[in-house]
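Next up: some structures, all given as structure tokens.
In what comes next, chain A is part of two complexes: it sits with chain B in the first one and with chain C in the second one.
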Partner chain A sequence: MQSPLDSRLQEAETQRFATQDWFAELRRQGWQQFSSLPLPKRTDEKWRFSDTRSLSLEHFCLAGVPSDEVVDRLIAQSHFISRPSGLLVHIDGHCVLRPALAPELATQGVKFESFEDALRHHPALLKEYILKHCAGLGGEKFLALHQAWLRSGTVLYVPKNVEIKQPFVSVHWTATEGVAIFPHTLVIAEDGAKVTLHDFQCSAEPQLRALAISAADLYAGKGATISRLAVQAWGLATQSFEIANTCGAKESLITSVNAALGARRARLENTIRIQGEGADVRLYGISVATGEQEFDQRTLQVHDAGNAKSDLLFKNVLLDKARTIFSGLIKVAPDAQRTDAYQTNRNLLLSPEAEADSLPGLEIEANDVKCSHGATTGQVNPEELFYLLARGIPLPVAQELLAEGFLEEVLAKVDDEEAAAVVREMFRQKFHS
Partner chain B sequence: MSENDESQAQREAIEVDRTKGDFKYAEDYAFDAGVGLNPQVIDYISKVKGEDPWILEFRQKALKIFSDMPMPTHWATQDLDAINFDAIRYYLAKGQKPVRTWEEVPDDVKETFERLGIPESERKFLAGVEAQFDSEAVYSRMKDELEKQGVIFCGPTEGLRDHPDIFRKWFGKVIPAGDNKFAALNSAVFSGGSFIYVPKGVKVAQPLQAYFRINAENFGQFERTLIIADEGSEVTYMEGCTAPKFETATLHSAVVELVALKGAKIQYITVQNWSANVFNLVTKRGVAEEDAEVRWIDCNIGSRLTMKYPGVVLRGKRARGEVLSIALANDGQHQDTGAKMIHAADETSSNIIAKSISVGAGRSTYRGLVHMPKTLKNCKNNTECDALLINEHSRTDTYPAISVRGQKNSVQHEASVSKVSAEQIFYMMQRGLSEGEAMSLAVNGFVNDLVKEFPMEYSVELKRLIELQMEGSVG
Partner chain C sequence: MADSLIIKNLNASIGDRQILKNFSLTIPKGEVHAIMGPNGTGKSTLAKVLAGHPDYTVQSGEATLDGQPILGQEPDSIARAGLFLAFQYPSEIPGVTIANFIRAALIARQEKGAPFDAKAYYAELYAKMDALKMDRKFTSRFVNEGFSGGEKKRCEILQMMMLKPKYAVLDETDSGLDIDALRIVSEGVNHMRGPSIGCLVITHYQRLLEYIVPDRVHIMYDGHIVHSGGKELAVELEAKGYDWVKKELASA
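Moving on, here comes the complex of A and B:
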């Protein structure tokens, strides 16, 4: 039961949301925009170094509801941490596990629902918050496609001053060859709220071909705290695009850790918007790129309000013929005085054929700021390697140990140690595969 | 003080001091190609210069490339669109033949030199002064010992005519006409500049210098420089200019090619202080062969828009490339400068240190490129960019691009943005300095470690220029 992504199907699917005019309209607009925008070209500055020739959105389709056998098997594999506040599982864009929210959370007004449920239950909330920002980092066409086919995802809403310690977990699986999915993550933490979400993206088969165009909108209210761990572990024939927007109000604290393991090509566009004084937004990324993988990371730190902080650290380990691109920009608005903004990209080349490209940028229009960026690309420290070799540790093991140490700096930023251990193990397995 | 008064005061402070460079003479040009650009203008320039047919062909081809190429505004500033290519004079010369002796130099030209502060007595000190007045070299002399050593120091016309065996091989090879739109423009209309050849093993003790000025309104300056340092030789070239102020935009678009053969060293020093209406769009690139070194020292002050990214192609084993750059952008000015390091051989190393200062509403941009392909090993690059922002709405951007493959290559890039610390200023003011003086000292301190790399007379001039620019920037 597979159908190509054409206008007819788009309209037919959109009809299902006829009761929600605004949403049907949003999808139609997305489709129009997608159809009118060209695919990125090699000469586009925002796609510099990317392999734009292999960009293809053809031959992908929507998949039907998965069989019970698949559902049971994948749900069983979705328990990444032992006691989440809620677990939500999607397969091929269909919600297959709805969380049973603890009564104390439900009574406080916490919402953790699939996108489709939230659309029925809280349309006003979605209308106010989803897709409010255009993709400013080059992914306009992809975000438009996401908008056109949007129907699944995760909505997490935490009311004022509610603090939840145990993380929420959302897992997206692809299980059908050639499937296209468009998951959305929306997190709203009202003033003073505190919440953690882990997003896992996985494939049922390691070589599964799929197209995943996801988007995330994170809003932290005044004094709110959001921690998000996003783990991209799609099958190795997947094309993955994620466009994330993070907005921090006054005195909010947002930590976002992005781990990349899977996909043939994965492009992450992440925009941080500092909208209130005293906000502190931290964006981290780690990846191990192998084979012919391309990890394309584009970030933007926009400081519209002064007296705030943002910190960014992306670390990549490259093997084989892999390629990583880090392109970051810190933008400080003319009135955002006393901004502290940092941006660091470190690449570890473990193969002569791997390629690491770095475009760390600054655009500063206020003078009373502390901004810096740094980018390094190199090999493992020869002295450290010698130390390990001298103790009889074989070269590949020594390199792996040092690479794991290299990644640890970012993994240490994940508060939930159980989740950090899961990700650490995923990286370890990738080294061994 | 309101913001308007403040910027007015700043302008006045700057204008007062700039008038020293603000002198013009009657325009009395023997050769003039008229206004605008077309194939006939190219024919005319080539004919006046008595060039060989291959040069004319090179120019015409370049004109075609220039006309076909789009403006690079997809990454560069839209301000480029403000250039009206039809309102520019592409060629005019004082005389057909460059004059060789001081006596033959016309009086008004001598007077200009006097006011620039390079009296004849000082020039005797310098190894060879190629002083360029407008687009043709008017005056050129070398000390006898240089000639005896076999050093050639002339303009492009003479270079290509008298020494084609030496210069033709490299002319337009480091920077081909199609490299970018403005290199194409220069290749079509170039006149004036320096062609230098230093023979094997010759170490030129004194820096070679060229002063030049723009002296006609709406008149573009398209000089072309090619320096070839043969195996094991060493040479330092200095280029400096002060341009008088004009009411309408002026375009300056030079091409500078350096070739350092095996074991040679070339140091190219530029101090530029263009007036605030000049578009300064320059392509500079050097090739370093085995064990050779190319070093660019570049200081950009003034101009409306400067776009300049000196580069080194590290073609031979163990070649070294370096760019040291200082940029100061005042109100209405945009310094878009940087460096490019193309590693193309094993064990090559490169170093980039760029410091920029933005004053008032000035904008400084660093744009860099470091490239290490996969076939290479043991290459190193270090890049440091520091930006200092003086006023509330000063602006700075940093856009480096780093691409690394290969074995045991390492690259590090650091950039920081800061302002002068309030404590520093307070400390100096406590000791009786005015806020302006304190600011000026702090800024000079910021660039001090780079200024030290400049030859004595330049570092003095540079410090003075920075002081002038900083006047009125506070209070």
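Moving on, here comes the complex of A and C:
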């Protein structure tokens, strides 16, 4: 049951949402935009250094509901942490596990639902929050495609002053050759709420060809706290795009950690919007790029309110002929005085054929700010390496230890130690693959 | 003399600077030898060359561990062959815990694929840390990162005790140590002394040799040994100073 992603199918699928006019309209707009926009070119400033030639959105399809055997097998592999507050599992864009929320959470008004369920149960909420920002960092065509086919994902809503300690977990799998999926993550933490979400993206088979165009919208209200861990572990024949928006109101605290392991190419566009005084938004990224993988990271830190802080650190380890691109911009509005904004990109090259490009930038219109940006790209420190070798540790193991140590600075920012250990182990497995 | 660390007519340089000049020394297993000498005479170069540091070029000569040649080998092979270098300035390894670091070094000495006994490992690690008066919290600290001088040297001795080398070269282990740390580190080394290990203690000062009493003392100057004697030589050198070495021994 596979059909190409054409206008006919788009309209037929959109008809399914006829009872939600606004949503059907949103999808149609997305399709129109997608159809009118060109594919990015290497000469586009926002795609500088990206391998635009190998971009391909052709020959992908929607997949039907997976078989029970596939569902059982992949659900069994979806228990990344032992006691989540809730676990949603999606396969090929279909939600296959949606257990009822614990009563103590439900009675407090917490919502943790698949996108389709949320669309039925809380359309006003979705209408207010989803896809409110244009992509802005170059991924307009991809976000339009996401909008055109949007139907799956995870919605997490935490009412005012509700604090939830145990993380929620959402897992997206691809299981069908040539599948295209468009997962959406929406997190809303109302004033004073506190919540953690882990997003995992995985492929049932490592060589499965797939297209994943994800979007995430994170909203932290006044004094709210959101922690998000996003683990991109697609198989190596996947093209992955994620466009994320993180909005912090007054005195909110948002921490996002993005771990990239999989995909042939993965582009992450992440915009931080500081919208209230005293907000503290932290955006971190780690990756290990091997083979001919390309990890393309584009970030924007927008300070529209003063007295606030944003901190960004992206660390990449590169092996073989892998490539990473980091392009970041800090934008401070004229009246966002007493802004603290930091942006750092560090790349560790373990192969002479690997290439890391870094494009840090500042655009500051306020005069009373503390902003810094920095980028370094280098090999392992030869004295550190010699120290490990001198203990009898063979070169490949020594390099791996140093690379793991290099990533540890970011893994330490994941406050769920169990999840940090899972990601640490995934990186370790990648070194050994 | 198969059970010895034997260095014969070793010539080594860094860049275009000749440092080791026909250096020869034999350390039988079970003995502790000390090398003393003024700064810049090549003591640390000797340690680094033996450990296989890539910055140094060996022109000629040989070095064998119990008959097994080590010059020209990769540093990790030399270490696994049984040579341990306690660094004068141990590197900080961010993000790598002491426990993981020593475990990786031990696994490298096991047969490939052999199971690692983590329980026995921690039991031994904790026992040795207790002996060195190191807080057990150190196991989860990153190697040498933010350590005081004394903590770094204790960490070196801890590694030596865990890896159980056949020969150990201790390069200026006393530098940066206060008297308490010096005593603890020396006790660690003395605890390891015995018929199954040979030690070469490199030091600038006689002070360390009051705690680690050597079987033989060698004076090094201008890239080779100019004088050897018993432990009393260290005291004589302390009294006469390095000018004595430069004026009398070097020209002899």
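Just so it is clear, the second predicted complex is superposed on the first by the 433 of 433 C-alpha atoms of A that agree within 3 Å, B and C clash if a C-alpha of one lies under 4 Å from a C-alpha of the other, contacts with A are read in each partner's own complex, and residues count from 1 in each chain.
Please note the rule applied: a contact is a pair of C-beta atoms (placed from the backbone, for glycine too) under 8 Å apart; a residue touches a chain by one contact, two chains touch by 3 or more.
Every value quoted in this text rests on a predicted model; they were computed, and no experiment measured them.
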Under the superposition described at the top, does placing chain B and chain C together on chain A give a clash or a fit?
fit
Which of the two partners, first being chain B and second being chain C, lies in contact with A:D51: first, second, both, or neither?
neither
Should A:E365 be classified as contacting the first partner (chain B), the second (chain C), both, or neither?
first
Can A:L389 be said to touch chain B (first), chain C (second), both, or neither?
second
Could you say whether A:N347 touches chain B, chain C, both of them, or neither, answering first, second, both or neither?
first
Name the contact category of A:Q379: first (chain B only), second (chain C only), both, or neither.
first
With the two complexes superposed on chain A, say which partner A:E418 touches: chain B (first), chain C (second), both, or neither.
neither
Is A:L407 touching the first partner chain B, the second partner chain C, both, or neither of them?
second
Compare chain B and chain C by how many residues of chain A each one touches, and report the one with more.
B
After superposition on the shared chain, which partner residues are touched by A:E355: those of chain B (first), chain C (second), both, or neither?
first
Once the two complexes are aligned on their shared chain, state how close chain B comes to chain C by Cα atoms, in whole Å.
14
Chain B and chain C footprints on chain A, overlapping residues
none
Note which residues of chain A are touching chain C in the complex, please.
381-384, 386-395, 397-398, 401-402, 404-409
Parts of chain A lying in touch with chain B, wherever the complex brings them together:
43-45, 48-49, 334, 337, 347, 349, 352-379
If you look only at chain B, which of its residues touch chain A in the complex?
74-75, 358, 374, 377, 387, 389-419
Mind pulling up the chain C residues that touch chain A in the complex?
51-54, 74-76, 78-80, 85, 87, 90-96, 100-102, 104-105, 108-109, 142, 159, 163
